[in-house]
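In what comes next, chain A is part of two complexes: it sits with chain B in the first one and with chain C in the second one.
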Partner chain A sequence: MRFFEYEAREIVKRAGIPVTTFGFATTPEEARRAAEEIGGPVVIKSQVLTGGRMKAGGVQFADTPEEAAEKAGPVLELVINGQEPRGVLVDTKAEVEQEYYAGVVWDGIRKQPVILFSDMGGIDIEEVAEQHPDHVGRQHFSNILPLSEFQAKQVVAAVGVTGPALNKLVPIIKRLAQMFVDNDLTLCEINPLGRMADGSFVALDAHMDMENEARARHKALLEELGVGDDETREAREPTAFELAGEAVDNASHRGVAGNVTEFDGNIGLVIGAGGGSLTLFDAVRKYGGKPANYCEIGGNPSVEKACGLAKLVLQKPGVEKIAVMMSIVSNTRVDIVARGVIKACLELDMDPAEKIAIFRIPGAWEDEGFKILKKYGVEYADRSVSMHEAAERAVEKIGGRAA
Partner chain B sequence: MRTDAIFIGIQVDDAVAGDAELAKRLDEACPVDIYDGSEGVVRIRRENVDECVLCRLCLDASPAETVKVIKLYDGDAVLT
Partner chain C sequence: MSILVDSDTTFIVQGITGREAVNLTRECLDYGTGAKVVGGVTPGRKGREVHGVPVFDTVAQAVEHHGRPIDGSVVTVPPAFTKDAVFEAIENAIKLIVIVTERIPRRDVAQMVELAGLRGARIIGPNCLGIIVPDVIKMGGIGGPAKDAAKAYSPGPVGVISRSGGMTTEMSSTLTATGLGQSTAVSIGGDAIIGQTYAELMPLFEADEATQAIVIYTEPGGRMEAELARWTTENQSRLPIVAFMAGKFMDEMPGMSFGHAGTIVEGIQDTAAEKIARLAEAGIVVAEEISEIPGLVKQAVSERTPV
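For the complex of A and B:
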């Protein structure tokens, strides 16, 4: 779940990291009052959950409260990348001597947060990491034990920051790391982190994503920030394909066909079983396959649900074949899923043997499932074939490694 | 009376198909709503037949040999 900048700034402020004085406004009059309270030149920033604000005209500068109101009006009306702004952030226009970057992101491979620091702030950290890798310090840390002072120093000193600046940055880095852990964030970035004329450091912008599953643990914070329970706060609007996936899931109460996500590949995936979906998706990519989608089917779905999901994937433009794979199922039934995916092929006038690259779901009722698959000539595999081997076979069947 | 879907066929002996009590029992027993007993006779919802989970509850709810669940994918094997 992504936070708007004004919310992220509030969280940063509560974590004890210095921020410029700012206000949130939904009308030009509120923007005028916020600018008056700040008492000096201000920046007016559109509050949308997308990038490209500056380019689109969603960031304006004003020297007086009246000008702030005048500039806020059009920004409040401006749609950026299809998003209407939630309001505007009215922020102090700070005179910065140097811009830095400080961020924490969850490293899914190491299963640990990693803190990143750069003396080249104000631009995308990805760009800095690619073009100036010596200007990015990195440090993994425990999400149980607090980040030590030594670790914080190491990540800042890695880019050559020393002396008083180093001493002032260390507590900020430590608080940033703690804020990441305390709030179950998957990403938090302060960019830029500005060094002012007096040598102090101030967060000038913040971006944050919270783990969706952790929302219930932070109900109080979310209520205080005014984040409604029904706000999904996805990074982008769902596609028609993804909405159709939701409809398939909602059509039957039995089982789950969740997190249907669209990609642009040629191999459709009907995958599931806990972490199996992620493993299988990664395995397909590892062997050079280009997935057309991601999904998580399980929880003992009905034939109707398995059929609906398979039909959706089979009809997606560009899909050549589907791979039906899970780890080992207990509550989901192999025969029911087999019926569903074969039914989908038959109802779409497709040959299951041709369209299903591989069916690899071992577990409950597999004997019945394999009888069905055998009858329709579908290649199937039991648990003696690993998930990786199954993924490799599926990729090979649609012409080997994708370009 | 026999109704076949793609994978499953259901056969109910005509001699018991009009039994209102049996129709009610089958309606209550089936977890995937294959039987409709609301009209006092045994009716089969064709759209649900392939949802059959082979639980045998309909067999238990009916006199022996009067209801048959047929696995069309397995050489028309009858569920026992």
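For the complex of A and C:
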């Protein structure tokens, strides 16, 4: 889950890392008051969960509170990459001597967090790593041993920083790493980390993601920041169709009908499980099919859940037929999914034989499942028909009608 | 022969009284030569039995009851309690831990994996279905009930490593249908941080005489394929590898999460296209469809074994 910059700043501040004085505003009047409190030139930054703010005009400068209000108005209205801003951050315009970068991410191969540090801040760290590899320090640290100052010292010294700057940076870097651990972050970045005229360091922008699975452990923090439980903070807001999919999944406790995602094709997909869905979605597209949705069923869903999902997909505008396909199941029962999708057709006054292009779920309870499908004249396949062959067949049946 | 487990392997099930764990225990007892499930642990349920397996409050009690060290544990406790359960297993000298539980925060996973490394233990998973040696033993839910597992898996020369539990069975079943059995199949889990990656299991397969080829299932996200590609190149592996990559469509929609937790596309190195290129560079054959895998395995094996 991504944080807005104003939230990330607050977390950085709480971690004991110096930040410039800032305020959050949702109206020009609030922006004026924030600028007044800061008492000097300010920067107004659009609060969106996407990059390219500067280029889009979402970052403005103002010398007086009145100008701040004036400049904040249009920024508050400005849609960037399809996102309406949550508000604006009103920040002190700082006089920076030099910009640095400090971040922490997970390394899935070493299975430890790694601190990244560079004396070339203000630009993308990937770019620095590629063009000036000797300007990026890396330091892994243990998941079990307490964090030590020498690790922060090593990563700073690795790029050649010495003198008072080194000694001032060490506690900041250590706090950043501790903050990463304490808040179950998957990424945190301070970029730029500015060195001011007096030699002190201040975080001028912060970027961080918290692991979704760990949100429950940070209820108090999220509440204080005003992050709602229902905020997914995905790359885009869920559509009505996707929310309906979530409701189907939540309606019954048993099994999973997850990751329902909307696409604009004509083939409805009731597919599973995790890896099977990825494989089948690729397969449908490989044979020229246009999926109307993505989803992952599994974990032995109830008849109601399979039925609810199938109904949702069948009723989606533009869907001609559905394909019900999974990799071989061992926990999920074939007969239960079969009953669910047939029930969905019948309740919508649709003919299962016509609406279900193909049913390809081999595995546990398949004989019972195939018997039911046969009774309703639904085309089905066992494991002798590959996942790709089943996907091809589904595309063929729909293409034949749509063409 | 096999890797990780064999017919003598003893293990416990932590969280044994949960609904899924009860089924899993039945399946393991029934499969192959019958797994030696020597105990189960659920705090507060000491004295009960699950399909004849004695239940204890602690791992230490299970070890004491068994009278000798226990080889493994299948952990199926809720995410909030998994770290403690795994620490308990490790500190009671268990060396092979299969974590079934999903949705464990990665900080916890990383802690478990690091402690396991310090104690010489191995973790498989989390978010995985475990390990199967066809007709011999299964440790975990892999393949499902014994009769379903027997339909998909057969003994033979192919080592299978997969980030998806279901696809482990799908691929093995496809191999079985063409007469290619499996030496050991391992569902390694789909999370961003896992106990054993492809490259970490390769030395075991390399040392296993029964294994003549490897089949892997992979997804976008992470750098485990790059690690595998590097390993095979550096170690001049005797084993040909055939890979299948799912989730190619995700290259077109960065930032969206599909499939397993590890598949969030975070950077160019994580894309399906990039991974396929890396694997190919290391001489790893990438199959377009699952059904092509058996043919590619046979071809790769015959190319490496001069007649």
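Things worth noting here:
Everything below uses one rule, namely that the second predicted complex is superposed on the first by the 238 of 403 C-alpha atoms of A that agree within 3 Å, B and C clash if a C-alpha of one lies under 4 Å from a C-alpha of the other, contacts with A are read in each partner's own complex, and residues count from 1 in each chain.
Following the convention adopted for this analysis, a contact is a pair of C-beta atoms (placed from the backbone, for glycine too) under 8 Å apart; a residue touches a chain by one contact, two chains touch by 3 or more.
Keep in mind it's a predicted model, so treat the numbers as computed, not measured.
A count of residues in chain A touched by chain B and by chain C gives the higher number to C.
Judged by the touch definition given at the top, the superposed model places A:333 against chain B, while chain C stays out of reach. In the superposed model, A:186 makes contact with chain C only, not with chain B.
By the document's definition of touching, neither partner reaches A:226: not chain B, not chain C. Once the two complexes are overlaid on the shared chain, A:304 sits against chain B while remaining clear of chain C. Look at A:318: by the touch rule set out above, it reaches neither chain B nor chain C.
Of the two partner chains, chain B is the only one that A:372 touches; chain C does not reach it. In the complex of the two chains, the chain C residues touching chain A come out as 20, 79-80, 103-107, 109-111, 113-115, 118, 129, 141-145, 148-149, 152, 162-167, 169-170, 173-174, 177, 190, 192-193, 197, 217, 219, 222-224, 227, 244, 246-250, 253-263, 267, 288-291.
Those residues of chain A that touch chain B in the complex are listed here as 302-304, 333, 335-336, 339, 342-343, 346, 368, 371-372, 375. On chain B, the positions that touch chain A within their shared complex are 6-7, 32, 50-51, 53-54, 71, 73-74. Those residues of chain A whose C-beta lies close enough to touch chain C in the complex are 106, 108-109, 111-113, 126, 142-144, 181, 184, 186, 211, 213-214, 216-217, 234-236, 259, 261, 272-279, 281-283, 285-286, 294, 296, 298, 326-331, 362-364, 383-384, 386-389.
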